[in-house]
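What follows is a set of structures for review.
You will see chain A twice below: alongside chain B first, and alongside chain C after that.
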Partner chain A sequence: MLPVLNNADSLAYFWPEMILTAGAMGVFLFDLAVAKSPRRILWLTVASLGVLAAAALATSHVAGLSPTPIGLFNGLLVLDPWAVFFKYLSWAVTALAILIAGPSLEVASERMGEYCALLLAVAVGMSLMASSTDMLMMVIGVELVSMVSYALAGFKKHDRKSSEAALKYVVYGGVASGMMLFGMSYLYGLLGTTNLVGTAARMNAQAAMLAQAGVAASVAGAGRVAMVVAVVLVLSGVGYKIASVPWHMWCPDVYEGAPTPFTAFLSVGPKAAGFALAVRILYGAMSVSGGADLATAVADVPWPQVVGVIAGLTMTVGNFAALNQTNLKRMLAYSSIAHAGYILMGVAAASETGSQSVALYLVVYLFMNLGAFLVVGIVGRLSGSESIFEYRGLSARAPFAAVAFAVFLFSLTGLPPLAGFVGKFHLFKALVDRGGSWQITLAIVGLLNSAVSLYYYARIVKAMFLDKPHTEERIAVPASYNLLLGALVGLVLVFGVYFDGLRQLAGSSVVLFGHS
Partner chain B sequence: MSGLFDTQLLSVVVFVPAVFALLVLLFPKDEHGLIRVTSLVGMGVGLWVTGLLYARFDAHGPEFQQEVRVRWIDTLGASYHLGVDGLAVSLMLLTAVLGPLVVLASWDSVTHRTKEFHVALLVLQTAMLGALASMDLVLFYVFWEAMLVPMYLLIGVWGSEERQMAATKFFLYTLAGSLLMLVALLALYFIALPAPQRSFDYAAIYNSLLAATREVSLCQGRDPVGQCPGATPLALALLRYGPWMFAAFALAFAIKVPMFPLHTWLPDAHVQAPVAGSMILAGVMLKMGTFGFWRYAIPLFPVAARQLRPALAALAVTGIVYGAMMCLAQRDIKKLIAYSSVSHLGYCMLGMLALTTEGATGSAYQMLNHGVSTGALFLLFGMLYARRHTRLLSDYGGIAKVMPWFAALFLIITFSSIAVPGTNGFVGEFLVLLGTFKGTLPMVFGVLAASGVILGAAYMLWMVQRVFFGELTHRENLHLTDVTGRELATALPFVALVVVMGLSPQPFLERLAVSSEMFVARASFAQDSFHQSDEAVRMSVRPLPALPSPPLPAAPAPLPTADAMAPFKLGRPHPANLAVLPPERLLAAEPPPSRHGEEATP
Partner chain C sequence: MLPVPLPHTLALAAVLFCLGMVGVMVRRNALVVFMCVELMLNAANLTFLAFAQAHGDTTGHVSAFFVIAVAAAEASVGLAIVIAVFRSRGTVNLEELKTMKH
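And now, the complex of A and B:
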């Protein structure tokens, strides 16, 4: 059973979040101190990165404190390799989102302090999402991420699209949170606790009780339906965060309207946290270890199938909607919906390798998707447009950015020898290893979708390399951007060829409570 | 350096162009001369090391030689595994020979974005060499896909007017095929070996399928077809999915060959591509398709391949005749040469499908010949095009009067293309036809293919006649200059190859012999009339190097030569064999990451 610490003892394991919270407030104050400085953005960037670096150090410190998973705050949170993995991932995404914000010019210098502080707060929320073991804590984590994201989505105050994005985000987010809470209330009613540890056993006991003689068939049936409904409703909260069908409608508008650095963040960070949560609820809490590598659904709740159907729908809708987009940000928004579908395949596999492939894919996705948004941000800033029209002949106007963008797009398609292929391969492998007929069918749907996605990615590549530019004027990409692009391209290439280390990192992180 | 050449020669061969591509990337983009010279040097060095490789290849040695194997991704069972058989090493030589000539051929004609052009050429060279040398399916697929993008750019950026359409068509066709192949590769990976031993190593996969292939072959003979009580799960899987996997591989390779009716991308691509693109496309890339059939599709699924053999052979013959007929109807010279490729590659496919040693050898030789002759035709026509900027037959005539040297060169290459005795083409086509008549294919295939030879002579000579002889009807053609020194230097190696390969084919054929025999044995494996044992067709390759964690033999072991790498039986590595691994190789192996404690051999 999971050892649980009381509130006071838990603080020693809570350094990263405490540092970030203090850092978020500190950045506000620091902003006042450097308000007059011409290098305000630079100072704020450095300070925020410093806070994140301190948080990363603290994370490695607390991760070393306990070799086995340990419950914190009387079981509200857990510190296990899975949580630690996603903490690092969250810090990395946040750091990149802050790093690219300054040069993008979409965040005015007098508002940079707010931007950094808010992002640090989101980072805390993502960490809570990834490590919560209690439904209440989950809601708090999701809400923390959502609330701050609403503010960031509407960050461009006088921009109609940005405000519209924020409003849409709020409305959808409110509904999704409500549904999730409603589902949790059912679960609480059925199981008698909000804690997820041991949910599987309790659900099985509940199902057994309902199946007992003496319980009227109608009651038993109703109980089972309630359980399925509860799980599906809880999933909708997660589905909203990862932008899966049918909770994806907010995604294109918000991505288009929000400032690009935040869009890049949104497409990776909260999504990763959502997946961490999904795996924790579904694979961690609602399945039982059967054999070395396999987990099966409990209490007749067919969640792998449900997730599988959602995965298939999500990738299909995302890819087909992306085909006709001419605004690059919208196209990447639909592409990120499709990618949520791919990653859900790993969740649907309901196995250790499946969870591992989810973690692995998210790392790879971080690099390639952030890279793609980075290019869109640069071109958008320097040419003032996000239309595909602007990308015609980009290879002549900004050669390095064009090559880098092509690498990211091919990686998103999943072509070897790029990191995206490695990620997708592991997702497919996890499904095929399970070997059931619907798993194979889902894998085939995924493959077909990859082929479809190639069309719209290749369309951009064609525009960049083959079409004539509408103007010969070169786009002067700042050196700092080129450096960052180069680093991301390097990572995408390296992970495409040598990924054993990454795979092992992801593999060793799949230690959740309930599965060891 | 010599140590590197002894143990890693194949890696050097594959990656020399890529290293020079990196070098070119570092140059400022306006240094056109420097970029050209560096690329030429890179290709030259590549040719030198490939020549070394070819010379070291022992025609009577084991099937796969000069192997390089380093641990790569243990958890997936993929390793960095290179190795060449006779066909691969010959095609690599062809690739390396074309390399410098391609750079020379585009010396004057490519003037904008020179840097990108040469980087694309060099990267493409590495990708092609790598695809030929890979012994691991992941590695093979990576190189295979890596060929796609540079060629797409070569056509799409430096091509002529309709280049975008042609590049897109090329891209879509090839990618559709290779995605199918990827699916088949993954299916193969999951089916061939049970989970803990899964491997992407080609030899491991091939060997694991042998017993099942025999079972499937027995099943096929039974009535009702496909009833296999007591078959192993692997055999059942192979029976059920084998034809589909073969179809996926075959489609991918057939698009590349290209076989009728999947050839429609080829004329467009050839016509629109720059000289360099056409030369590489015709010279090497089309052979990737035939090489794929030879190395992968047919040996892996011999039963399915034999079922589809009549259909494939019929398509090959159709390609021969249809390509020739289309040539007769062309008014565009580049298109004519492109359709002649469809016809010639039909011979390669037919010879292979004859399943006789003569046919297979002829097919392999014809791959080399076609690379030389069609590469040269595109090169020579490129020279003409640079002077006149028209591709239409009707715009020429009487050119021999103003360009006698050029006409002579063109005529020699034409002879090679139409297989005049004494040229290389004759040897190849003769062997293919001989093999086809000797084999079990219906006689009519041989007859039709032979008629293709006549048609070939007709369209080529007719083209030569209309371009070079007769009256000088066009005023513009009056003042064409004859070949320059650089052009002569580019063309003469081709002429030399035509003559040498025609008059003294033995050194070349000799290296193809083992490869051809093994191909025929594998393609006929488990057929009633052939009684090979599993051992006869088993692939023996170097085992995966052991993890460096156990103590190494202290004394520095002697560096093995190609001969010392005696065939290692897969699955039963002799301890003595492991001990002769050179220390470099062991150091190059990756740190011990294995979670499951997997052992060295799959």
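And now, the complex of A and C:
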């Protein structure tokens, strides 16, 4: 029997989220206290980072309380190494998104308080997504992240692009949550519970019961179709969060229209939480043992192959659409769709090493993708434009930013000896280790895609280093941005060579509640 | 009085869901699209409640309350954004939102 705590006892394990919730409200009030201060942005940044640091400390505290995975709130949430890993990742992304918002000119000082408080609320949502084992909690987590993200995407109120992005986001998001909830209502009806732990066993038991009861083949068939449709609908909700094909349409517009610091956040944070959820469903709940029986577990549909096809489509569509983009934010949006495809390869492997490679890649992706968006923010700060035209001759106008951008882009391509190579290598390895013919095919598709992606990444590098700038004016980069760029470049370089610790960390995190 | 049989309620919910889905794809007015999204969410509610009645279990009732709360929150955020869009360009027609080209 798995250990599950009741509501009162669970509170002792819920400190990080409680701190963040109180902190989000506290930052709103604190904003009033420092409203007249000339250093309002600095104060708010420090306060929000303090809240996040407290949440991180609380996370390490609650993780130490229970060495084995335990269920909280009567099984709505869990505390297992997988959840703890993604909690840390969420706090880190949120901290970086708050740090880079201050010096960017897209978040005005009188609105910085709202920005920080809303981001802290998203952090709570991401944590709930990563630790939910009940469909009800899953909805709450996804909706908390989505709804606050709608508001943040439209943060530049009088900007036409920003409000358009928010409207598109809210329409796509509403449809996705409608589909997900409808699927969940059917899963609840078929399985009799909203809890995800042991879904595979329940589904098999239900199929066996139908067979034993000798119901007519047509009724059993209808039940099977309903089950498949329900699972597909629930997975659409997850696919929308990670922006995989065919639920990726919102992604380019929202990324382009949203304020750059928030785009950077959106491309990493909610995506990571979505992958945490995808692994929890596909590897944790829907597989019988070690992921080996996933293929036959749910209504005889080969789910890993289904995810594999989606992975292949996602990376191909993302990469080919990115080829002729001239707006850097839009190009990076398509590139992030392609990366969702790569990471889905690890999910499609449906194995322990596959889940490990997903976790590993998301950490690496955090550094390189946030770094890339940081450079876009630096250039956009001066010119207000994200056109590739502005990047011509960037090596003369902002040498350090140009070099850093080149490092991030080559890392995103997956060239050694950068961290991106390590991440991609583990994804491919997890897939090839499964050894089936479709896995090998998918790996080859992934390799070809990486080659395609080199074209558009290298195009930016060429513009930065070989083309003549349209103006000689130097770009003034705030010291804090240079520091952050240096730190991110350092991490990308270091993890490209010394990745063993990171691999072990990711490996030890693949312990999912209720999955042996 | 006999309760409504499960298949009838499920069929009604499925019809509502499909109406909402088609509406989202066909209609271009943002407000009508939001109404269609609400239809989809309420179809989920109806299914939850029908199954809860069939199972004699309260989880479905609880889920329906959560869905109602989610729908309300989504409507409020969505309408706020519609107002922001209307202020910046004087229309809520989704066809005309083409500042960003593909």
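Rule of thumb we're sticking to: the second predicted complex is superposed on the first by the 501 of 516 C-alpha atoms of A that agree within 3 Å, B and C clash if a C-alpha of one lies under 4 Å from a C-alpha of the other, contacts with A are read in each partner's own complex, and residues count from 1 in each chain.
Methods note: a contact is a pair of C-beta atoms (placed from the backbone, for glycine too) under 8 Å apart; a residue touches a chain by one contact, two chains touch by 3 or more.
Being a predicted model, the structure only gives us computed values, none of them experimental.
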{"item": "Touching partner for A:Gly23 - first (chain B), second (chain C), both, neither", "value": "neither"}
{"item": "A:Phe465 touches, of chain B and chain C: first, second, both or neither?", "value": "first"}
{"item": "Dominant contact partner of chain A by residue count, chain C or chain B", "value": "C"}
{"item": "Partner chain(s) touched by A:Gly113 [first = chain B, second = chain C, both, neither]", "value": "neither"}
{"item": "Which superposed partner A:Gly269 touches (first chain B, second chain C, both, neither)", "value": "neither"}
{"item": "Partner chain(s) touched by A:Gly501 [first = chain B, second = chain C, both, neither]", "value": "first"}
{"item": "Touching both chain B and chain C, residues of chain A", "value": "none"}
{"item": "Interfacial residue positions of chain A with respect to chain C in the complex", "value": "135-136, 139-140, 143, 147, 150-151, 154, 157-161, 163-168, 170-171, 173-175, 177-179, 181-182, 184-186, 188-189, 192-194, 252-253, 256-257, 330"}
{"item": "Contact footprint of chain B on chain A as seen in their complex", "value": "396, 399, 410, 415-417, 425, 428-429, 432-433, 447, 450-451, 454, 458, 462, 465-467, 497-501, 503-504, 507"}
{"item": "Chain A partner contacts - residues on chain B that touch it in the complex", "value": "72-75, 113, 116, 138, 141-142, 145-146, 149, 153, 156-157, 163-164, 167-168, 171, 175-176, 179, 183, 186, 190, 195, 590, 593, 595"}
{"item": "Of all residues in chain C, those that touch chain A in their complex", "value": "13, 17, 20-21, 24, 30, 33-34, 37, 40-41, 43-45, 47-48, 50-51, 54-55, 57, 59-60, 62-63, 66-67, 70, 73-74, 77-78, 80-82, 84-85, 88-89, 94, 97, 99-100, 102"}
